[in-house]
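Several structures are given next for inspection.
In the two complexes below, chain A is the common chain; its partner is chain B in one and chain C in the other.
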Partner chain A sequence: MFDGALDKYLFVYKTRIIRSFTYKFEVYGNILMQVIIMITTAFFWKALFGSETFGNGITADSMLTYTVMSSVLSVLFTTGVERRMQQSVEKGSIAIDMMRPVNVFGVFLAEDLGSLTALLVQNLLPILLLGSLLIQVPVIASPSAIPLFAVSLVLSMGINWLMAAIFGMWAFTAISMDALFQAKKHLIRLLSGSIIPIWFFPKWLADILNALPFVYIYQLPLDIYIGSATDEEIYSRILLQLVWALVLAALFCLLSKRVLKKVLVQGG
Partner chain B sequence: MITVRDLYKEYRVTERGRGLGGTLKALFKQEEKIIKAVNGLDFYVGKGEIVGFIGPNGSGKSTTIKMMTGILAPTSGEVLIDGRNITRYRKEAVRDIGVVFGQRTQLNWDLRLEESFELLRHIYRIEKKDYRETLEVMDSILGVGELLNKPVRQMSLGQRVKGDLTAAMLHSPKVLFLDEPTIGLDVGSKYALRKFIKEINAIKGTTVILTTHDLGDIQELCERLIIINGGVMMEDGNLSEIVERIAPYRTLAVEYYDAVVPEHAKAEILSVSDNVVRYKFMKADMTAAELIRDLSELYPIKDVGIEEAGIDDIIRIAYEMKK
Partner chain C sequence: MKKIGSAFAYYLGVTMCNIKMALLTIVEYPSNILGWVISNPIQFLLGFATIKFVVEQFGGINGWSYGQLAFLYGISVLSHAFSMIFFVQGWFMGFFVIEGEFDRFLTRPLSVLYQFFFTNINVFGFTDLIPGILVFLYGCAKTGFSFTASNMVGIMALLIGATLIRGGIYILLGTTSFWTKSANDFGQFVQEIFDKTTMYPLSMYPEAMQLILTFLIPIGWVSFYPVSELMGIETAFSAGGMGVWITLGVGIVTMIAAGLVFRIGLRRYESAGN
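On to the complex of A and B.
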């Protein structure tokens, strides 16, 4: 029964992959943007560090790895769910989703996973290659960290998607969301350690950020990758990450049922 | 098949004043207004009926269709499709319905038509055998076979509507909702669409709910009309009954050999020009033959013509009525 129920979402996923490959040019812009971000950040770290070593054993080399991996991970944190929800409300296409025997959010998730799969080839691979060529080959600090990195990365992607979905639900009751989506995007960039690791922030600020979900998107998997935290630290932080994932999942379940009843359908 | 019971829908809209001042004011204080789009609808549609659901723009008919298809949740009241509440059991109940919106498509713009159909086959979990059979039937009625390999974005509107109709029928729904399906179609495509509605109704016994502004659609397809305006039902019945109720009169134009104006106790004179006199009489009072006979006893008659209220008049009058 489970297989049967999942089959339709699997097909939505497959269809989205086919679709993603029909838009070839849309994705190149992001490669260019990520390369520019990587290069400027890399110069910044080189100038700042020189040949010195930072407190917790961080060298310029590990910061370059951090930079390249941050750009690579940013591809995995691409979500379409907010825009999808906004457009379905603006253009009224939510009607099409609602008239089918599917869980609407299940479809959104399957679509995002489909786009993501296509992006692995279209975006992640080129960015990894260009980063390796132009800056540095990002090698993981220790091979034994790979399983932990994988676990925390999956949780990161979950948190990131859930935050996007919960945020996108606003669009179901209010119509114009562009400014808020932009604000959220930049807030995540700043507060998640995607550009500047939060251990560079003053302690009080870092403490606050550690309590928020944002750092569990970029910072934690990157810390594991470059080996800038002890094992114990990592375990306790993965636990916190799991807690945030569960809290957001619960909030998502609660809101998604309510929000569908409030759908506004625009037009004809 | 469809039960609509005590259905209400209210929208809350925020109002914004005019111009820059109003926009700034709206930042601090928003005035809310409640719009009653659907105001207590009750009706039942039986299996195999073709029902025209009509009303002027802004009458609440689209809102009603959206509630009947599970897209909008009613403020109160319920819609049952084959006995199942569509709001509460949306995922199960929508299996019994197919929906086509003339103004938007459920086909995937970037895919070939067949790929969109395959997606639906998986979503509704249709057996391959049934899927092929339905597709064959649809091909014989609409000729969609030749479109299967075409990307949807390259299709003409007529082809796209054919694709959408097929998509809505793939899972063999018991009820088909068509929301302004003929909008923007040329004569040939309209004809194909009407033929399609009649045939699936005959072959599969599909119940059809149709909203349209096209009088041809109404005349050719609908055995029953539901006219709504201002969110309430104005009329419900078959076309001739409604004509009878709204326009229970006829007009008889009589041309005499001379410029005379003979009167009749049961007829009202509408106009006189040259030798032609136009009489309005109630169908219940007498037949046209009786009136002609009575008048011809007074003066010799050269020619007569009977004018019925046209369907467009009927609809216009119904739209203008207030309850």
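On to the complex of A and C.
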């Protein structure tokens, strides 16, 4: 029975991959955007660092790797779930989504995984290549960090998706989501270390940010990648990352039930 | 002469009506504007945090102290805000071309470009002014920039010129839709490029890029050259003490060029239904 259920999601996953390969402009658009961000940020770090070294042994070179990898990771953190929810609430098609004999959020997840699979080829590879060519080949600080990087990256993607899904649930109550989408995008950019690593911030601010889930999206995997933290630090931070993933998952389960009930009342 | 005068008065009257309508929309949808009041300033926090927390630790960037950078940043955000209020429509010109929205404007006895921009004045743009004013004043305080009469006039000329440069570039890019017949949604790219090239010193980019952004695409004049001069920082191309006025001139020329290209483009407009 479980196998049968999974088949449905696999089908959604597959159709999404096929669909993704038919929309071209969005794909090139994102590559262009990421390349602009990568290059301008790289020049900023170059001008700023010169030949200086920052407190925790960071040089201009490690910042360039950080910049390229941040753009590469941003592809993995692409989610469609919040827009999808907003559109389906706005058009009322959420009712049809819910009539289907599958979990709505399961479908959204399968769709996002499908898009992501297509993006690996369409976006991640080109960005990695262009970054390596135009800026610097992003080499991981030490090969032994690869497993830890992989673990924290998977957790990052989980946290990122859950945050997007929870955020998207606002669509059920808010009238216009455009401003909120922008606010979320900029907040994540600011607080997650995607552009500025939070170790540049004053200690009090960095401490606050370390307690919030945002840094566990970009900052932790990137820190592992460029080797800017000790092993002990990384272990304790991965543990915190896991805690946040679980907290968000619990919150997601709680809210998704409530939100769907609310739709049923409206539609009845 | 009298005819031009009455035409001007007519346009002014219509503009007043449009502003009134724009303000009424705020009253109509207060929650909508509240969202932008929160989200637009957040966007500029990132840049300010970069200057405040990162550059401050290194002392400066390319000879710019962090107070001077705040000043530059303030000017950049302010001109962005004004361009959002008056010219953001340029970002969506492609959709107007594809959907045949210009039909409506073509039948009215007003300039099409005027109607395109001023029928919907973007009241949300005003929310961008808040962070702009704050960072600008912060930069003024840090650099000891004094508000003498000549400085005030200079800043005004600079902001008008910078806004016209941005607006002109939006129009030129939007106008490409008349030829490509597709809705090129370039807004976010342009915003990103403008942010990175006007909020930080242009001198940190390679020389070829600086040349392009000085002579080919006049982005350097939005903030970098005039502000360098106001702050007393040497640049590769000296403006000879006329920086803010050159910006104003470049702005007017860019806008006129954009208007001409728009008129040529409009001749290719095919209306809807294709």
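In this text, the second predicted complex is superposed on the first by the 262 of 268 C-alpha atoms of A that agree within 3 Å, B and C clash if a C-alpha of one lies under 4 Å from a C-alpha of the other, contacts with A are read in each partner's own complex, and residues count from 1 in each chain.
The rule is simple: a residue touches a chain if its C-beta (ideal position, glycine included) is under 8 Å from a C-beta of that chain, and two chains touch if they have at least 3 such contacts.
Keep in mind the model is a prediction, meaning the values are calculated, not measured.
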>> Applying the document's definition of touch, where does A:F200 land relative to chain B and chain C: first, second, both, or neither?
In response: second
> Is A:A179 touching the first partner chain B, the second partner chain C, both, or neither of them?
Replying inline: second
> If you stack the two complexes on chain A, which partner ends up touching A:N103: first (chain B), second (chain C), both, or neither?
Replying inline: first
>> Contacts for A:T22 in the overlay, against chain B (first) and chain C (second): which applies, first, second, both or neither?
In response: first
> Once the shared chain is lined up, is A:C253 touching chain B (first), chain C (second), both, or neither of them?
Replying inline: neither
> Who does A:L120 touch here: chain B (first), chain C (second), both, or neither?
Replying inline: neither
> Residues on chain A in contact with chain B in one complex and with chain C in the other?
Replying inline: none
> How about chain C: which of its residues touch chain A in the complex?
Replying inline: 29, 31-32, 35-36, 38-40, 42-43, 45-46, 49-50, 53-55, 57-58, 61-62, 185, 188-189, 192-193, 196-197, 200-201, 204-206
> Which bits of chain A are touching chain B when the two form their complex?
Replying inline: 4, 7-8, 10-12, 15, 18-19, 22-23, 91-96, 98-103, 260-265, 267-268
> If you look only at chain B, which of its residues touch chain A in the complex?
Replying inline: 11, 62, 66, 69-73, 90-92, 94-95, 97, 99, 101, 103-104, 106, 108, 110-111, 115, 118-119, 122-125, 179-180
> Where on chain A is chain C touching in the complex?
Replying inline: 25, 29, 32-33, 36-37, 40-41, 43-44, 46-49, 52, 54, 175-176, 178-180, 182-183, 186-187, 189-190, 195-196, 200-202, 205
